Amino acid sequence: MSDQTDPRVADLGFARVDVDRARRTGDAEVVYGAGKTPEQVLSILRTLHDHHPDRAVLATRLSDEALHAVEAAGATVDRVARAATLGPMPTTRGTVAVVSAGTSDAPVAAEAALTARVHGAGVDLVTDVGVAGLHRLLGVRDRLEAADVLVVVAGMEGALPSVVGGLTGVPLVAVPTSVGYGASLGGVAALLAMLNSCAPGVTVVNIDNGYGAGVFAARVARQTARPAPGAEQ
Amino acid sequence: MSDQTDPRVADLGFARVDVDRARRTGDAEVVYGAGKTPEQVLSILRTLHDHHPDRAVLATRLSDEALHAVEAAGATVDRVARAATLGPMPTTRGTVAVVSAGTSDAPVAAEAALTARVHGAGVDLVTDVGVAGLHRLLGVRDRLEAADVLVVVAGMEGALPSVVGGLTGVPLVAVPTSVGYGASLGGVAALLAMLNSCAPGVTVVNIDNGYGAGVFAARVARQTARPAPGAEQ
Amino acid sequence: MSDQTDPRVADLGFARVDVDRARRTGDAEVVYGAGKTPEQVLSILRTLHDHHPDRAVLATRLSDEALHAVEAAGATVDRVARAATLGPMPTTRGTVAVVSAGTSDAPVAAEAALTARVHGAGVDLVTDVGVAGLHRLLGVRDRLEAADVLVVVAGMEGALPSVVGGLTGVPLVAVPTSVGYGASLGGVAALLAMLNSCAPGVTVVNIDNGYGAGVFAARVARQTARPAPGAEQ
Amino acid sequence: MSDQTDPRVADLGFARVDVDRARRTGDAEVVYGAGKTPEQVLSILRTLHDHHPDRAVLATRLSDEALHAVEAAGATVDRVARAATLGPMPTTRGTVAVVSAGTSDAPVAAEAALTARVHGAGVDLVTDVGVAGLHRLLGVRDRLEAADVLVVVAGMEGALPSVVGGLTGVPLVAVPTSVGYGASLGGVAALLAMLNSCAPGVTVVNIDNGYGAGVFAARVARQTARPAPGAEQ
Amino acid sequence: MSDQTDPRVADLGFARVDVDRARRTGDAEVVYGAGKTPEQVLSILRTLHDHHPDRAVLATRLSDEALHAVEAAGATVDRVARAATLGPMPTTRGTVAVVSAGTSDAPVAAEAALTARVHGAGVDLVTDVGVAGLHRLLGVRDRLEAADVLVVVAGMEGALPSVVGGLTGVPLVAVPTSVGYGASLGGVAALLAMLNSCAPGVTVVNIDNGYGAGVFAARVARQTARPAPGAEQ
Amino acid sequence: MSDQTDPRVADLGFARVDVDRARRTGDAEVVYGAGKTPEQVLSILRTLHDHHPDRAVLATRLSDEALHAVEAAGATVDRVARAATLGPMPTTRGTVAVVSAGTSDAPVAAEAALTARVHGAGVDLVTDVGVAGLHRLLGVRDRLEAADVLVVVAGMEGALPSVVGGLTGVPLVAVPTSVGYGASLGGVAALLAMLNSCAPGVTVVNIDNGYGAGVFAARVARQTARPAPGAEQ
Amino acid sequence: MSDQTDPRVADLGFARVDVDRARRTGDAEVVYGAGKTPEQVLSILRTLHDHHPDRAVLATRLSDEALHAVEAAGATVDRVARAATLGPMPTTRGTVAVVSAGTSDAPVAAEAALTARVHGAGVDLVTDVGVAGLHRLLGVRDRLEAADVLVVVAGMEGALPSVVGGLTGVPLVAVPTSVGYGASLGGVAALLAMLNSCAPGVTVVNIDNGYGAGVFAARVARQTARPAPGAEQ
Amino acid sequence: MSDQTDPRVADLGFARVDVDRARRTGDAEVVYGAGKTPEQVLSILRTLHDHHPDRAVLATRLSDEALHAVEAAGATVDRVARAATLGPMPTTRGTVAVVSAGTSDAPVAAEAALTARVHGAGVDLVTDVGVAGLHRLLGVRDRLEAADVLVVVAGMEGALPSVVGGLTGVPLVAVPTSVGYGASLGGVAALLAMLNSCAPGVTVVNIDNGYGAGVFAARVARQTARPAPGAEQ
């Protein structure tokens, strides 16, 4: 009756882990590493792994120390995404294309890509196709069309989702990043641009929230009726 | 060679209509009625209908005068959504559940619902399930789970998407509305709340943008591999 | 006649302590530790204790060094709240339920709870009942109803006060926290959400201001005509 | 099973009235008149009255037309508050003192006072005690101390709650108003001032939200163990 | 010695016209029509014309009444730009290409174009080349390259300058417009996007400031060493 | 003819000091120490002293290192104000009363006081008279009335200037400070409150700008026709 | 004992007039006309006149109807300032120079000038000396130097106070106006510019607050020890 | 066909360098050093140099370490601008005058100057001509007039562009800097002021964006038909 005996919660003292989420929503709880010690990250990650041994669980926003700690404990580390997984990757259904504008947007794009993969979608990562060099974007139109859902990552003026959204009708999730300075206001400029996109059917997540975009995109991709593409991360 | 002879554009003098969009993105151009005269709305709507006689075309944000004018010309009018369609509705694939918090959010919810329907998805409209009366929301969980994608509409504090997103793993698009006063800042409070949702996998569109949410949701629903539900608007 | 001889003020050189406040408002002055050295914190805390030997006095927002210093000097330390008390706790009247959404909100909730207790109210601390997992919140409805006043602590989208306020008519003080990133704007998103709550009778304090909420709640609880509950912190 | 047969909801077609709220939270639903026609206001007010014949129900933010319509139908009208009640006032318990700074703040103060009275508290209305004329405020200290809870209403710089909060330990709810121009930013300046009050134990509601403050204050006052004061509105 | 006798100023009672500006900066004063009566607009326009009989003088932001009044008095009216000129157009040097994204941006684009022409530059007006339909923009690259300076006008997400700035190295002035709703914040979203453009060499003017962009662009174009193009408005 | 030979400027290589300002405006240039090395501060301070040997010159916003360096070089240091002077204090005319709300406001108040004194006014420093303890403020009314101009310093809700401005008609300059957290927005809340003061005749300077308030106040005080008070710092 | 018998307050039913302010602060209450009917304005103005028959009392922010009503009742009307006075102007002491940038700033400048005059200072009004035409400003330096205090009024970029403050050491009060559009944000741009002035000794009042600047400036000017100038309005 | 073989891109692993930009827009890619290691900066700089051996390539926003590293590798370092160039400077055409207000604005001005020079324009650097000392600005009018385009750099209130824009008709690019504190809001105050300049023909770039202003200005200057001035940096 008390929380300590509720099987839906794993109480680690410093945190209470929702081990019932996968049953409720289809996807397991994730370790949000910001502000946690390496020991705490590892402890939660192992707890989640124990409850979900058959599919990878995820930890994001990890410090160098936390990345080292979980790697030493057997986790697979993605240094660009600053994230790690423990357990076997699930089989995939559908494809998420993660498209990013500039080199500085790479960590957020990598977080989105890894998250989508952990949540059961195939991923096609398309980088450095910013709007100031359209030829590269136009060169990957086939890859955009081949996806079931797009995650488009951009900082500064955040124009890329509008351009991509004009090229294709694939459902599109835009991720503003905090890349920029001065009037970028920590990513607010890109966020506002994406919310005001003139291309129909663009949705948006919080600044730098590659994780949220990845979860959403995987859910969409997994529903697809299209024949499975070969593309996987 | 000049624009006047470009078959992808219909030049009405006061506006140049993109009649190529359906070929490019799968969905036809839509009449955004704000700031247009009833005559202009009607003229564009007819032009779109001429290019797409086999499926309904849509006009949104219509004044009373414009609603009257297009209705007189044979369009079907949705007075709550302040929108109209011309031509036969398409067959549907997949289901969009449009969920709204309060009575004042009804126009935005209706715009989202009509848009999703025009773009080829079935629609289940669930109204008045605000978070201050949880029993009603909990009573419709089955309808939420039955949908391929959710559009959740709320003003004021914008809490509904977080609560819904904790109940189900169905992909969720949140629509903040400008309902409120004072510190609601014209809908910015609800927008910020939705962008910061603690439920994973929530995406957001611009304030009062039922149209954008509807387009996006229809695109997701049309891809579904799930067996067709009976629900249609 | 000069300030130095005003018995209502204790002049410590670096600060002038209002030792008359308890007579004027019923509650003693409190040490706000931010920006003060451990020596200053300790000196003020002892001065307040000398003037109010019969009931605990409080110091909040303490650094690790200040926590260590006051503990060594005999104070009771609450490391989660980053606060300390000196002197015997008062008897309690009425009950404040402090309800928090996520693990990261714990320090603010603990500050509110300790403050309410020091100010003479019983406290029931209810943690980790965020809106993305409604079952846990619904499981504690009896505890909410049993309180004379609620303090509801949440960051990110700040939705919890609206949901709680729809479940019960107990007076409710909402505390936004700075937990979040990007468009949370340092807690402003949660603050705005709480100010726009659709549940009637929600009041709000400053971001991370557990102390202010605790003082207010204790004042309300102490007035109660309800029979004393057993619950104390 | 359908909403139409749910006894907790009265479906008027244009609105679905929550007639179960009093059972759930102790206080009945209220008609928020902004954006509603006089006919709609009257219809909802009568519906609420039919479900709660033994105590007054309330309509706020009424247009001149709506005030006229409900008055003609037997409601009691408060033209300063732009509000009306239908049915007998409840007996009172405890006292809410509603304190306002300037003449322009009178409508919000009146809305708070009427709301508190409808919700079962006695009310003492103290007007025109702005901080630029302290003698008047100091002259009413006894009335402040006699209350169980204070509602303090002010626009422009919003300083009154801090001054009142330094004079007394009675629980205090601050209401910023939109009175002002230029850098008052529609009441945001007063709102921010109140959130940052240096007096401990000040809580705040949305700009111009006299209703919310009144509900909250009545709930606090009704719990009081203090002997009933004579003061009623 | 008094202002009345200063030949650099024409005192009309209700306004003091700077008739020395052309000598000082090369360009005559302009009538800013907002907030002025038709009589005032006409009076100032005639005064400027009297001092500069050999080249057109300009009035902007005119009401319908003012447009009618100055037209009746012999001025040439541009109804899209809501502006008028009096006197012969100057010969041109260099070319300004005014590029706009959507139909709603037309008035600002027209104001920029007319202003540039009045200030002595040839103008090439390129409309409806928004980023959601790239083919049209790519189809006019030659016209962009042929210009000495570009004025790029866009509302909503304001992405067009970044895309154009990636296609060509012609100096580019971006003009955000107030076209949009909700999170466009009256044009602030487009303004921020343009200030954060990832394309190098983009400069920006105030929201809806077609006039300022036109003056600036004409000054740049008039300096050109390139052979005169044939294009004129 | 070159700047190097302009006697109105002293070129130190890393900075060009305006040694003509005293002739032009009556007050010498001041060293703004933020971002300067101790050596740079000392060099500029000495240069100003060389040009104005008969009256003290001022350096503000000094680091600990810079305070140490200038003290070693013979300057008089004010550690609370984080400022220093070099040279003899001028005789005074008129009195500036510097009034501050809380202990944390002391550095800004001290900067204002020292600046006023250096600029030739007598100073009366009145500390710790925040609005939450009115008795102390009321106890110093005579000192307020005795001044020729008031500088009122407060952070958090910034209410003190309004209360003081209601007690006396002495010209009043308000200085908001960055003291506070959360919704104080780095002092913006106090700034807005002061700009919206309901007391007539309150003027405001930038957040934490004790220097600017001191210069202004000294200029006003020096003009006074009132007989010289005894009060000096 | 009740307010009705307090001789310091004149209760007109719709407003309570502070007829004690002149005794307390030296200056009488003023009628703020915004939101008041012509009858209310006239009634308050007459009440103030009855209590202060020997010196003019002031009403500001009057509608056309109110201006007409008070003029018919014998008041002297200033149509540019949208203000009126009743009673004889006081003798003057000292001089306020009111300096404005553009024609659109005239109403605010006129309000400041009339207010200063009513409060007992001589006034020198200097108009149309915006920074884009420096020659005019430089031509009036003698008038600036001759004043005891300056009120500098400007909208748009609000640069004039900085330029004036660099030319003279006379105390300077800056008044931002709401003149502008787009990124002027209703006068916030000018307000921020003035608060950040690089000229020392600039103080600022609220946007469009000519009245506040006038009161403050008159208080400063009246203290002057300088010989009386001839200049009066 | 893969990116690896696209000759328009040089893939360094950690970054993909656009070596085609000079062909497309006339100007080569530039190294933006913020967030890059010294090794990365050097590697990209060398790559750009290899592709453009005949003209200098540029790296900006370099740390002390990066400045040291590139200098050791043969680059020419500008420590004020925190930038470096590699390769021979191009011959110049036209002149950019870079004008700055205060000493603290020097780094941004230096970045603009070096950028303009690298992009092929002559540069005249005019420093320390802030509006609070007009005599210095008026003393350099000839240098302003001699330029083909002006870059005007200022922080705090950002008034300098308006004053310069009133003195001359030379095209003017304004650069706000983050110099200031409190209500300067990190440069937003200066940015807003410049966007609202009352001088016609002022354009603006992002806060601290000396690079962007330099690129734009060089493009304008290189087009000039005016005879080549002698001035070079």
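When the chains are written out, they are named A, B, C, D, E, F, G and H in that same order, and each has its own residue count from 1.
Definition applied: contacts are C-beta pairs under 8 Å (C-beta built on N, C-alpha and C of every residue); 3 or more make two chains touch, one makes a residue touch a chain.
Here the structure is a predicted model, which is why all the values come from computation and not from measurement.
Within the contact network of the assembly, the step distance from chain E to chain F comes to 2. Between F-H and the choices C-D, B-C or A-H, the pair with more than half the same contact pairs by residue number is A-H.
Per-chain CA centroids place chain C at a distance of 37 Å from chain F.
Taking the mean of the C-alpha atoms as each chain's centre, chain C and chain G sit 46 Å apart. Centre-to-centre separation between chain D and chain E, using Cα means, comes to 52 Å. In chain H, 24, 133, 166-167, 182-184, 188, 191, 195-196, 206 are the positions where the chain touches two or more neighbouring chains simultaneously. Contact between chains, as defined at the top, is found for A-B, A-C, A-E, A-H, B-C, B-D, B-E, C-D, C-F, D-F, D-G, E-G, E-H, F-G, F-H, G-H. Contact residues of chain C toward chain F in the complex are 3, 8-9, 14-16, 18, 20-21, 34-35, 176, 178, 186-188, 191, 206-209.
On the side of chain D, the complex with chain C involves touching residues 24-27, 30, 148-149, 166-173, 191, 195-196, 200-206, 211-213, 215-216, 219-220, 223-226. Residues of chain E touching chain B in their complex: 103-104, 127-128, 133, 135-136, 181-184. Residues 101-102, 130-134, 138, 156-159, 162-163, 165-167, 180, 182-185, 188-190, 192-199 of chain D are the ones touching chain F in the complex.
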